[in-house]
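Listed below are the structures to be examined.
Common to both upcoming complexes is chain A, partnered first by chain B, then by chain C.
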Partner chain A sequence: MRSTPDYYSDVQLFRGRRSWVKLAVLLAVLAILPLILPGYRIFTFNYMAIFVIVGLGMNILVGDTGQVSLGHAGFLAIGAFTTVLMMTEVGAPFLLALPVGGLVTALFGFLLGLPALRLQGPYLAIVTLGFGLAVTQIIGHWELFGGHMGLVVPTATLGPISLSGDVSKYYLIVGTALVLALCARNLSVTRVGRAFRAIRDSEIAAATMGVNVAYYKTLSFALSAAFTGTGGGLLAITTGFISPGDFHFLLSLMFLAMVVFGGLGSIPGAVLGSIAMGYLNLEMDAFEELPLLGPVLESFSDGFMSSAGLPNVGWVVTGLLIVLTILIEPKGLHGLWIRLGKIVGRGGMDTDAATGALAGAGASSSSPGSASAGPGGPPAGGN
Partner chain B sequence: MLAQVIAGGLSAGSIYALVALALVITYKTTEVPNFAQGEMAMVSAFVAYILMTDYQTGFFVAFSVALVFAFVLGIGFEAVILRRVRNPTHLSVLVVTLGFQLALFGLAGWKWGAEQRQFPFPVSANEVIRVGDVSVSTLGVATILISVVLMVGVFAFFRFTKLGVAMQATQQDSMAARINGVPTRRVVGLTFGISSVIGAVAALLMAPVITLDTTLMWDPLLKGFAAAVLGGLNTPVGAVLGGYLLGLVENLFGAYISVEFKSAVAFLMIILVLCFRPSGLFGRHRTRKV
Partner chain C sequence: MAFFAVEGLTKRFGGLTALDDVSFEVERATIFSVIGPNGSGKSTAFNCISGIHRPTAGSVQFDGEQISGLGPHHIARRGIARTFQNIELFGNESTIDNLMLGRHQHMTTGVWRGLAMLNGRTHAARDECENRARVQHILELLDLDAVRERPVRELPYGTQKRVELARALAMEPKLLLVDEPTAGMNAHERTELGEQLGRLRADLDLTILLIEHHLQLAMGLADQVLVLNFGKPIAQGTPEEVRRHPDVIKAYLGDG
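Showing the complex of A and B:
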């Protein structure tokens, strides 16, 4: 058991040599991956990495600050359309367009955060839901945004490098996801993240302790939106085409599902949950091609359901995952990990290098929500 | 022109009012905003549709079976899923209803696909009744009448029957109700059953207006939620008034300002209202103890 960390060791981005090693392993694996994967799989990875970015943003708002959002698809749309319009209408380079997309989305996040100051629970849920729907409606009716037809995304360039192939996009997107994961982790353990969680646990107590609730709540919305908007910009260049129909309400639900499934308030949880949901979302149109499971699903569909409706299995799975997570393990994958750690003891940590490294780089398990699990929680990279 | 728009608004508002009422009676009892309400109603409408088309039953049988199905579904949802949420928080119950909604939506889509079906109904959406220079479809008239009758029935039920009073008691203070001998668990279950039936009626009235598909209740649910939030989530009467108000404002906006953004106006409206009255127009603000 490690000793209780003092403040300075707690706010360190990396604790001890082991987390550096884990990060190095993770970086190496991620760097080699596109070289060994078949081409079409790289697209899958890009897509999942974008979901990870959104998941990190969702985690800031829902996991850390305890505010609900059913409108994040709207933020994704704002980020995507702003980025593309910056490139096509303003002629800005991608490297400028992407952050502008993130910033504009952050502004909208701030605006949505304003009503959130006075609203709670279901009221906030409805307002965010309405926001998400209003965004796609307005975009769909505006010629500048290509109306319902959408926009074709021009090929982005990074200086001399043209981001035309999936591999070059891979390095950009996965790199961004990694940097943002580090940012999220740093945010989470320092002053701002503590304020967020104080608000989540009790707004009144937080205010009494001198946390400026209005400031941090809107900041949480803005930051969460900025992450999601950045994801939107990257999504645009990944798919090459965006239309308002892509940013539907069910996508917002899926975003919520990833942080719930991963474990609210846990960065590694959010990352894993996002990867799972990103994969599910992408495979949704081709369930019959899954190995083993595919034929079973197909014959079941033909016999009892309808084969045309097969893609809907994705929603069934997402819905059931959410329900079962809340019923069985409300802390999601992160909670399972803690339980596993308790059963296996410290040894459980080193079994999976990839997730372990993420845990090291992400949150060495010190979101207070889980810290209440005590030092027996998921062991951090040893000091 | 104006009278025509108002008539259209009332008929749309009736649906919103029904959904809002269904949402509020469960919210008031359990503080659960039931996002699965719409899909539960949609599935019930499909049950009626299947009975009518595949089994050639009459309207009466099909609709009765659908409502009984809705009742059982509501009770089942509460007993099998909601009741088992451990340490329920605002967030976790909300998320669980969303999960159930997604699962139902997926199952329905899997079974019935995205095909749009013509929903048979005793009165037609195309036949028109003319009163002066206002023309309303017979279906519109039926919708307005049925929902008024149903809502009056629900309010009378709450006011005058023993079970209704027990439900109100549970809504006000579940602990005190239990101490006084109200079987609160059963009452909560029944509340969900009744709420689901009200939602199913809305779906049965909605399906002939637009065609029946799995997204049937998306718009009505969101508008119903907006209406409930507008009127106040803990006042059934307020929610119903919110429903009619929303239907009217929406249609007026659509007629005189912009048809394109007609749907967005609902949310603009609730954001504005909530900025000034966070518990809705008619809701009382409950201060929470620390």
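Showing the complex of A and C:
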């Protein structure tokens, strides 16, 4: 039997030197990136990092706790508008406004969690859908929120630093995403994350093990909303302008799609899925600009897919990705990764360290990390 | 007063009376078997005791406290653990994580401390380590160490049954409800599990309430036996007394 301190390796993210090296490489790449990228690309990265934050929140609710939400754009809106109003109306510094935005959104998450105690599956989906739609309607009819015209976001400052350029925002947003990924990962390997997943797998068993199901379900909604609201606050300073129309239903759908695409319940999956969907969402027309293929896709879209006469290849590709994910690999990118690992064999794939480098080992992901008593494993030599 | 006492327990589902005025008492550190044909209300009784069903009438007393009407997680916190007839494990989770969930009520890490597990000296990490050490003991006791990291849905049926029992033990209960632990096991596995249950009672000073279809096992282990038929108690006593009871013979073999 092992001595007590050794058990920490069970829940430790960065085990051994290799995973630290990978983390260092990742951090170095992320730090250098804005210095070498063309200016407009930095905005893309900021946008994708915000999607990652939302994806982490979605993963807590949908992936871990097994509750569906089609209303997360509403949380994004609440976070964005609260953060901006805290700055303009209350005069709070951005560093205070952002967490307040997250906390206010968490409160709304808690409230939306209450009906979830009695509803499941499609019924919960409809309630959350209604929530998402209602939020933007209410915001649009309220003068305080700038009505349908929206609000101009003032330049945020962090103490002496003005967040006016995309590069300074990049470090704030990507840094926040990294910290939140680490937090989400820690939560998922400890008591609260286990309770979430227990509810997903068997509510009855969880309750008879002493888990207060009502508490953890609403907590999951609140946490998920807090992540999304924080993303909303960051989105506001990224775009510089917010209006209710930005937080449409398709965005909620996109948020759900990205955790499904990434692999439900996997943090690296949520991160990758969010990056992919964030890019797609921003660069919807990138497909039409592809050489050779672009015009073909565009004419196909005009001829068969589009109802309003606008090119919608991006949306079609998004939809296709979801359908293909469900059909081919329901566990998404994360499942694909595991499958690849099995094909390539244990030797070549140090899944654990690789996921570690993404600042979030798949806690609930069961097989990949845990099985590695191999090269990257704990020096104590485990089981 | 008895350690555990059920009095006049009744459960109706619409017009069906699944449990009809059942009363019994269980002494501390004994094994109490509940037997009876299929549909006789055994599992319903367990569901009423563990709070999954709210009894229509009657009361459940445990350790000097009235627990009937409480929610399942409140009952769990008072020291009652159970297993299920149809396995209710957290299928996507590893064996160790299933057992760790059994430690839920003994652990103290909440959201904030969980989010902020920065290194091995933080509260969350210490909480994990201490409880993993305790769970390790149970893994070894029930011979599950080899499947520690495997997702439980990949395990054979008999092993899953053992994981469920281990998870219940991880709760460190005072009273353990075991619902058909040997269903689907072969003779060898069944004997082994019977021995394990007997040892648990002795080692952990555990009180066990056992539903078991295999009469030899149920009778062999039990200090007291209750026989249910169509939701009604038809006999209760030591295994010897029950075995000779004419109503029991009738219930199991028919009127003849």
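Some points to look at:
As a working rule, the second predicted complex is superposed on the first by the 318 of 383 C-alpha atoms of A that agree within 3 Å, B and C clash if a C-alpha of one lies under 4 Å from a C-alpha of the other, contacts with A are read in each partner's own complex, and residues count from 1 in each chain.
Following the convention adopted for this analysis, a contact is a pair of C-beta atoms (placed from the backbone, for glycine too) under 8 Å apart; a residue touches a chain by one contact, two chains touch by 3 or more.
Since the structure is predicted, the reported quantities are computational estimates derived from the model, not experimental observations.
Contacts of A:A276 after superposition: neither chain B nor chain C is touched. Once the two complexes are overlaid on the shared chain, A:L30 sits clear of chain B and of chain C alike.
Once the two complexes are overlaid on the shared chain, A:L223 sits against chain C while remaining clear of chain B. Shared-chain residue A:V313: touches chain B; no touch with chain C.
Between chain B and chain C, B contacts the larger number of chain A residues. Of the two partner chains, chain C is the only one touched by A:V211; chain B is not. Of the two partner chains placed by the overlay, neither chain B nor chain C lies in contact with A:M58. Residue overlap on chain A between its contacts with chain B in one complex and with chain C in the other: 202, 204-205. Those residues of chain A that touch chain C in the complex are listed here as 1-2, 4-5, 7-8, 10-12, 183-184, 186-187, 189-195, 197-198, 200-202, 204-213, 219, 223, 265, 364, 366-367, 370-371, 383.
Those residues of chain C that touch chain A in the complex are listed here as 50-52, 71-73, 75-77, 81-82, 84, 88-94, 96-97, 100-102, 104-105, 107-111, 113-117, 120, 124-125, 127-130, 132-133, 136-137, 140, 145, 148-151, 167, 171. Across the complex, chain A meets chain B through its residues 62, 66, 68, 70, 115, 118-123, 125-127, 129-131, 133-134, 137-138, 141, 202, 204-205, 249-250, 253, 256-257, 260, 264, 301, 304-306, 308-323, 325-327, 330.
Residues of chain B that touch chain A in their complex: 27, 31, 33, 35, 81, 84-87, 90-92, 94-96, 98-115, 218, 222, 225-226, 229, 233, 260-261, 263-264, 266-268, 270-271, 274-275, 278, 290.
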